[in-house]
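Heads up, the thing below is written out as C-alpha cells.
Letters A, B, C and D mark the chains in the order given here, with residues in each chain numbered from 1 onward.
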Amino acid sequence: MISQLAVQGAQMLAVLLLAPLLIGFVRKVKARLVRRQGPSLIQPYRDLVRLMRKEVVLADNASWLFRVTPYLIFAATWVAAALVPTFATGLEFSWTADLIVIVALLGSARFFQALAGMDVGTSFGGLGASREVMIASLAEPAMLLTVFSLALLAGATQLSTVAAFMGSPQVGLRVSLGMSLIALVMVAIAENARIPVDNPATHLELTMVHEAMILEYSGRHLAMIELATFLKLLLYMSLISCVFLPWGLDSGGTGPKSLAIGVATYLCKLTVLAILLAVFETAVAKMRVFRVPDFLGAALMLALLGTLLLFVSRSL
Amino acid sequence: MSGFSFDAVAAILFVPAGAAAILAAMPNYRMTATVNVIASLLTLLAALSLFVTDRPAPGQYLLVDDLNIVFIVLNTFVGFTTSVFSASYIAHELETGRLTAPNLRFYHAMYQIMMFGMNLAFVSNNIGLMWVAVELATLTTVLMVGIYRTHEALEAAWKYFILGSVGIALALFGTILVYMAAQPVVGEGTNAMVWSVLIEKAARFDPALLSVAFIFLLLGYGTKVGLAPLHAWLPDAHAEGPTPISAVLSGLLLNVALYAVLRFKLLLAASPQAIGPGPLMVTMGLTSLIFAAFMLYRRRDIKRLFAYSSIEHMGIIVFAFGMGGPLANFAGLLHMVMHSLTKSAIFFAVGHIAQVKGTQKISEIRGLTESHPGLGWALVIGVVAIAGLPPLGIFMSEFLVVSSTFARHSWLAIPLVLGLLIAFGALLLRLTGVAFGEPRGGTAPVEASYVPMYSHLALVFAAGIYLPAPLVAWFQHVAGILG
Amino acid sequence: MNGLTFDIAHLLAGSLVLISFMMLYQDRLFALINVFALHAVVLALSVAWQAYIQDAHHLYITAAIALVFKAIVIPVGLHRIIQRLGIHRDIETAVGIGPTMLAGIGLVTLSMVLMLRVTPEADPLAREDLAFALSIILLGLLVMVTRRNAVSQVVGFMSLENGLVLAATGAKGMPLVVEISVAFSILIAFIVIGVFLFRIRERFDSVDIGALDDYRGERR
Amino acid sequence: MNSTVALLLCGPAAFLATTIMAAGASRLAAATRLVYGATLVISAVLLATAAGHLAGNPGEASATLPLGLPWTGARFRLDGLSAFFLVVVNLGGTITSLYGLGYGRHESLPHRVLPFYPAFLAGMNLVVLANDAFSFLLSWEFMSLASWALVMAHHRDEANRRAGYIYLVMASFGTMALLLAFGLLAGPAGTYAFDAMRTAHPGPFAAGAVLVLMLLGAGSKAGLVPLHAWLPLAHPAAPSHVSALMSGIMTKVAIYGFVRVVFDLLGEPAWWSGVAVLLIGGVTAVLGILHALMEKDLKRLLAYSTIENIGVIFASLGLALAFKANGMPSAAALAFTAALFHVLNHSFFKSLLFFGAGAVLTATGERDMEKLGGLIHRLPVTSFVFLIGCVSISALPPFNGFASEWLVFQAILRSPELPQWGLKVIVPAVGGMLALSAALAAACFVKAFGITFLGRARSAAVERAHEVDRWSLAAMAVLAAFCLLAGILPGFVIDSLSTVTLPLVGERMPVQMAQPWLSIVPIAESRSSYNGLLVFVFITISASLAAFFIHRFASHALRRDIAWGCGFPDAVPAGQYTAVSFAQPIRRVFGGFAFRSRETVDMPAPGALEPARLKVEMHDVAWEIFYQPITGAIDFATERLNHLQFLTIRRYLTLVFLYLVILLLVLALWP
C-alpha cells in the first residue's frame, strides 16, 4: 500500500520534472538538425523560473476567470498525466479514471484555455479560441475512436488493462492497430500544437492558434500554462509508448529491479519518440489553418476505419 | 300517464306553432323577443319531460324512440339558447338599423315556425310527413337568410333556395321509391310510409329498389347536410344570414337532415341484399372533410370560415356513421352533439364580434383577447374545441373515430387524419390572426349575452372529461340500434 | 289489369318523356314555355287516368292542380315576366342542342336499365311509370343545367316536378300525393315570384358573385 | 385506490385550482408570489412523494377515476418509470417556481402567464401518471395547449405568433401519430387501458408501425430531426422560466412517452428498431449542435443544444433496444440507465442555462449575443453558475454531463457482442457521431459563455446591467450544486435507477454505492471505472498545491494595463470576435453539407472607398426538404379548390347532377 502510494507519488513528480526536459531535448535535436547550437537542455527550466520571478501584466478588463484558468489548466493536465502509466501499470489510483476520462480532462483544460483567450476581448484571443475549438472538434472524436478500437481489442478502456493486454503475446500484428496508431499520432501532433498543425515557436498572429489564446498571459500565469503544455506533450508520448510500445512496463509491486527496468525502458522510449518528433517537425512545413481540418479529418476517418474493422473482425 | 306524455309530444309541436301565430300578430319587438325566448323555453321543458314520462306508442304519424329523443332534446336546447342570444343580437341590429321592427316580427315568427318544422321532422313516424317537415324548415330558413334584403343576402338565399328545392325533389323521389318497395310487402296506404312498420318488414323489401331509393335520399337530404359536392348553398347561407340563423343552421338544421339520412340508413341496413350504405357515406364523409379542410385556408369572411368547418365536421360525423360499429357510432353521436353545441357557441361569439368590429372580414379583426377578452377567449376555447383539442368534448369523439378506424381499416384512417390536420392548420392560422396580435377594429364595449356561449362551452368541456353513466348507456344503446 | 288501360297509361307516360325531349330541343323561351304547358296537360291527363284506373278520387285534385296551375297560370305568368324583362329573344342554351339530346338519350337509357332491373316483381304499370318518371326527372335536371336563363330553369324544375307527380300517382295508393303536389305548387310559386321580384334576369348563370366578394372579401 | 397515487393525483388537481385562482386574481400585485409560491409547494410535495416511492420501491400502485373514456375510466399508475419521471418533472417544477418567484416580477403581462403555468405543470404530471391511452393523450395535448398559451403570452410579437402556430400544428401532428399508434395497440375492440395493451402482443408489422408512429409522435415533441423545426422557435418565445420547463422538462415527458410505449407496452422489440432509433439519435445530435453553433440568439442556441441532447438520449435508448432485442439484459440495463441518467442531467443543466439566459434578459433586455459581452463583471454570480452549466453540458469531468456520456460510451463498447451486421456497422458510426457532437458541444458553449459573459461590453445595455434578484440566483445555485453532485456521486443516481430498469429491460446495473471510494464500475473494474469524486478531489488538490507553491515562491507583482491590440492603442469592443466570426472556422468545415452554406466576399478594388463585404448564406436543409413541399402542396390545392367557392348556381347544379348520374351508373352496373 505505502509503496504503491510512493510509486504513484513518484510518478506524478517524475512527469512534472521530466516534462521540461523532454521539451528541451526536442528543441535541442531540432536545432542540431538544422545545424544550430540551440539552447541547453535545461533551458525550459530556466524559462519557467524566470517567468515565475517576473511581474504579471494583466489586461484592464481581465476577469477572475482569467486568473484562475492557469491553475485549472495545469491541474487538469497534471492529473491526466499522472493517470497515464509511464514506467509502471496497476498504480494505486489507476482505477479513478480510464482513457475516456483522460481525453475529457484534456478537453476541460482546453475549454478553459479557450475561455481565457476570449476573456480579454482582443481579436487574437477570439481568433485563437475559435481555431482551437475547430481543431478540437475534429481531434477529440478521432482520439475517442482510437480509444474505442483499443478498448475493443483489450475489452477495456482501463489504461493499465489495455497496456497489459498490448504487452501480452495475443495481440498479433493488426491493420486496425496500425490505423489507430497513425490516428493517435496525428491527434497528438494537433493537440500539442506542433508543426504542421501549429507552430509552437511562432509569434506571427495570423498563423498561430495556441499562442494566440495565451497572448495576454505573462509571469507566473504564463509559467503555469507553459508547464501544462510541456506536461501535455509528455502525456501523449507516454500514452503512445505505454499502449503501442508496452515493453518493460512494471506491472506493479514487483520490487525495485523491475521498477528500474521500467524507468530505463521508459526513458529510452521517450528519447526515441522525441527524436522522431523532431525529425518530423523539421521535415514538414506548417500548413494553412484551413488545411488542418483535412489533416484531422483523415485522422478521424482512419480511427473510424480501424474501429469498424475491429467490429467486423470480432464476429469472424 | 301516457295521455300526459303524448301531450309532451304535442307540446313540442304546438308550442312553437302557437307562438309563431302570436308573434306574427305582436307589434312590439321587445315583447316578441321575450315571447320567443319563453316559447323556446317551454318547448325545451316539454322535450325534457319526455324523459320522465313514458313514451306514447308509435302512431301513424308521430313516434318517440331512443334515437330521435337525442335529437329532440338537443334541438330544443340549442333552440332555446339561440333564442336568448338572438334577443341581444337582434336588439343591436335594430339599433344599427340593419333590421326594422316589422322585419323582427317576421323574424321571430319564422324562428318559431322553423323550430316547429324541425321538431316535426324529428318526431314524425311517417317518411312523407318527415319530408314535408324538412321542406318546411328549409323554406323558413331560406326566408330568414334573405332577411337583410342586401344584394348578397338575396344571392345567398336564392342559391340556397334553388339547390334546396332540387334536393327536396330528389328526396321526394327517394321517398316514393321507398313506398314502392314497401307497398308489395306492407300493402297500400299510409302504413307503407310508417317508419316503425317499415323497419320491421324491411328485410322483405326489394333490396335493389331500396338501393336506388337510398341514393336519391342520400343526395336529397345530403344536400341539406351540406356534404360536398352538394354543399354549395351552405357557406353563403351561413355568411349572409343573421348570425342566430347561422347558429341554428349549423347547430340544428344539418342535424335534421342527418337524422333523416340515419333513419334510411337503418332501413337499408335492415335489408341485407341491398347495397351497403357504409361505403357511400364513408366516401362522402371523407370527401367533405378533406374538401372543406382545404377550403378553410382561403376564407376571408369569418362566418364563412366556420360554415366550412361545419361541412368538415358533418363529413366526420357521416364518416363515423358510415364506418358503423359500436365505437364509431358512439363517436358519431357524441361528435354530432358536441359539434352542435360548440359550433353554435362559436357563432354566438362571432355574431357579437362582427357587431363590435363592424365587419366580418377576418383581416380587419385582430387581438380580440386583448380588446374584448370575454369574446376573444370564448372564440379561442370554441376553436380549440372545434379543432378537436382536449380537454374538450370533440377530442373524445375524434379519438374514438380515428383509433377505431385505424385498427379496422388502416388505409381509411390516413386520409381522415390528414384532413383533420389540414383543417386544424387552417383554423389555428385564422384564430392566431383574430384572437392575438395588435388589436384592430372597433374597441367599443359590447353588451353581449355571454351566458349562452359559455354555458355551451362549459357543457362541451364537461363532456370532454366526464360523461355521466346514464348518458353513456343511452348513447351506447342508440349506437347499438344504428348497428 | 287489361291491356288497354295499361297501354293508355304507357302511352301518356311515354309521351311525357317525349315532350321532355322536345323541351331539350327548344332554344326560344316562348316555345319552351308552350311545350311545358303541353307537358303539364299530358301530365294532368295521365294523373286523371291513374285516378280513374285506381279509382282514387283524390288524385283528380292533383290532376286539376296540374291542369289549372301548371298548364295555365304559370305559363301565362312566365310569358308576362319574359315580356317585362325583355328577354324573349335570347338564345339561352349553355350547351349545344346536339350534345344535350345525346345526353338526354343516355339518361333515358340509364333510367330504363336501372328501373326495369330493380323492379322485377313490382306490377308492370308501376315499373313503366317509375322508369318514365325517373327519365323525366333526369331530363328536367338536364334542362336546368343546360339553360342559362332563370325562366327556362324554372321550367326545367317544373318538368322535373311533373316527373315526381307522375311517380307519386303511379305508386298505388300512395298517401299525401295531393298534399305533396300542393306543396310543390307553392314552392314553384315562390320560385316564380322570386324570379319576378328580384329581377333575377340571369341569376342562375351570371350570378354576381364578384359583387359578393367585393362586399365580403372572399376573392383571393 | 392507492393512497400514494391519490396523493399524486391531488397534485394536478391543486395545480388546476391554482390555475383558476390565477385566472381570477392574475391582475393583483401579489398574484405572482401567490401562484409561484403555490406551485413551489405543490411540486415540492409531489417531488417528495415520487422520490420516496423511487427510493422505497414498493412496486407499482394504480388508481381509476370515473372520468375520461366512459368504459375505460381514467386510469393512473405509479411504477418505477413514472416515479423517476415524476421526480424529473417536479424537481424542475419546484426549482422553476423558485426562479419564477423572482423572475415573474419582471413579467409585463402576468395575466397571460400565471394562469397557464400551473396548468402546464399539471399536464406534465398527468402524462407521466396516465395508464390508459385516452387519459395519456388528453394530458399530453393539454400539456401542449398550456405551453402553447405560454408561448403566445407575448402575442403582439409577430415572431411569437408564428412560433406558437407552428408549435401547435406540429404538436397536434404528433398527437395524431400517437393516436394512430394507440389505435393499433388497442385493436378493433378498443381496449385502451395500458394493462390490456401490455398483455396483447401486436404482430411484427403492427409493432414496426407502432415504433415508427412513436418516433413521429414522441419524436416531434422531443425535437428529433427532422421534426424539430418548431422547437427552436417555440422554446425561446416563451418567458425564460417556461423555456426552461419546455426545454428541460417537457422534452423529457416526450421521452417518457416513447419509453413507456416502446419498452413497456410493445413487448419484445425487433433488432432493426434499435438501428432506426440509433441512427436518428446520432443524426439529431450532430445536426442539433451544429445548428446551435451557428446561432447568435442565446435562447435559440440553448434550444438547439436541447435537440442535441435529445439525440444523445435517443441514441442510447436505441442501444438499449438493440441489446434488449438480442437478449443482453445487462448491456441493455447499462444503455438504458445511461439514457435516463442523461435525462436527469439534461433537465438540470438546461434549466440552469435557460435561467441564466433569463437573468441576462432581465438585466440587459438582450437575447442577441452580438450585443452582449463582458457580463462577468456585471453579473458575477449569474456568470459563475452559468459557467458551471456550460461545463456540465459540455460533458467535462467532474460534472454530471460527463458522467452520463461516459456511461453511454461504455454501453457502446458492449456492442461488438451484438450478432447483427447492421448493428455492428451502425454502432461505431453512431459512436463517432456522439463523440463529434460532444466535442462540438464544448465548442458551442465556449462560444455561448465567451461571447456573452467574457470580453468587453458590445452595447450600452450591458453597462447598465445589474445582478438579478435573490430568488433567481438561489434557483440557479441549487441547480449548479445538483450538476456537481450528480457528477461526483453518479453511483447514487445509478442505483436509484435500478427500480426503473429492472422491470423494463429485465436487469439492473451492478450496485455502485458498494464500490470502494464511491467510484462507478459499469461492468468490471478491470474493464472500466470512473470516480468523479476522486477526479474532483485530485484537481482541487493539485490546483491548490500549484497555487500554494506559486504564492509561496513566485513573485506577487501584478500590474493592470491595456491589452495588446497588435499595436492599435485602444481597440474598440467592435473589434472583438463575434458569435458569427467565432463559429466561422467550424462553419467552413461542416457548413457545406449541414447547411449548404456559401460565403461570398466582394472585395473593392484597391483605392476604392466602399467597405469590403462578406456575405454568408445558409439554408435550413430540414425545413427546405420536409416542410416547404408540404406547405407548397397545401397552397397549390387550396388555390385550385378555391375556385369552387366562386361557381355559378348552374355549375353547382351541374355538380349535383353529375354526382347523381354517376351514382346511378354505378348502381346500374352493380353486379
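The definition used in the following text is that a contact is a pair of C-beta atoms (placed from the backbone, for glycine too) under 8 Å apart; a residue touches a chain by one contact, two chains touch by 3 or more.
Nothing here was measured: the structure is a model prediction, and the numbers come from that model.
Chemist: Sort out for me whether A-D or C-D is joined by the greater number of C-beta contact pairs.
Modeler: A-D
Chemist: Can you tell me which chain is nearest the middle of the complex, judged by mean CA position?
Modeler: Ranked by how close its C-alpha centre lies to the overall one, first comes D.
Chemist: Distance from the CA centroid of subunit A to that of subunit C, rounded to the nearest Å?
Modeler: Centre separation, subunit A to subunit C: 99 Å.
Chemist: Just give me the whole-number Å value for how far the CA centre of subunit C lies from that of subunit D.
Modeler: 69
Chemist: Using mean CA coordinates as chain centres, what's the gap between subunit A and subunit D in Å?
Modeler: 35
Chemist: From the mean C-alpha coordinate of subunit B to that of subunit D, what's the distance rounded to whole Å?
Modeler: 44
Chemist: Name the residues of subunit A that each touch 2 or more other chains.
Modeler: Answer for subunit A, listing residues that touch two or more other chains: there are none.
Chemist: Which residues of subunit D are in contact with two or more other chains?
Modeler: 639, 642, 645, 647, 649, 653, 660, 664, 667
Chemist: Where in subunit B do residues touch at least two different other chains?
Modeler: Where subunit B meets two or more other chains at a single residue, that happens at 158-159, 162, 166, 211-212, 298.
Chemist: Of all residues in subunit D, which touch subunit C in the complex?
Modeler: 639, 642, 645-650, 653-654, 657, 660-661, 664-665, 667-668
Chemist: Using the touch definition from the top, list the residues of subunit D that touch subunit A in their complex.
Modeler: Per the touch definition, subunit D meets subunit A at residues 373-374, 376-377, 387, 391, 394-397, 402, 406, 409-410, 412-413, 415-416, 419, 421, 424-425, 427-429, 431-432, 435-436, 438-440, 442-443, 446-447, 449-451, 454-456, 517, 519, 525-531, 534-535, 538-540, 542-543, 546-547, 550, 553-555, 557-566, 571, 573, 575-577, 581-586, 588-589.
Chemist: Write out the stretch or stretches of subunit C touching subunit B in their complex.
Modeler: Subunit C residues touching subunit B: 114-115, 117-122, 126, 130, 133-134, 137, 141, 144, 153, 157, 160-161, 163-164, 167-168, 171-176, 179-180, 183, 187, 190-191, 194, 198, 200, 203-204, 207-209, 211-212, 215-218, 220.
Chemist: Which residues of subunit C touch subunit D in the complex?
Modeler: Residues 94, 107, 110-111, 113-114, 117, 138, 141-142, 144-145, 147-148, 153, 203-207, 209, 213, 218-220.
Chemist: Which stretch or stretches of subunit D touch subunit B in the complex?
Modeler: Its residues touching subunit B are 66-71, 74, 133-134, 137-138, 141-142, 145, 152, 155-156, 158, 161, 164-165, 168-169, 172-173, 176, 179-180, 182-184, 186-188, 190, 192, 634-635, 637-639, 641-642, 644-645, 647, 649, 652-653, 655-656, 659-660, 663-664, 667, 670.
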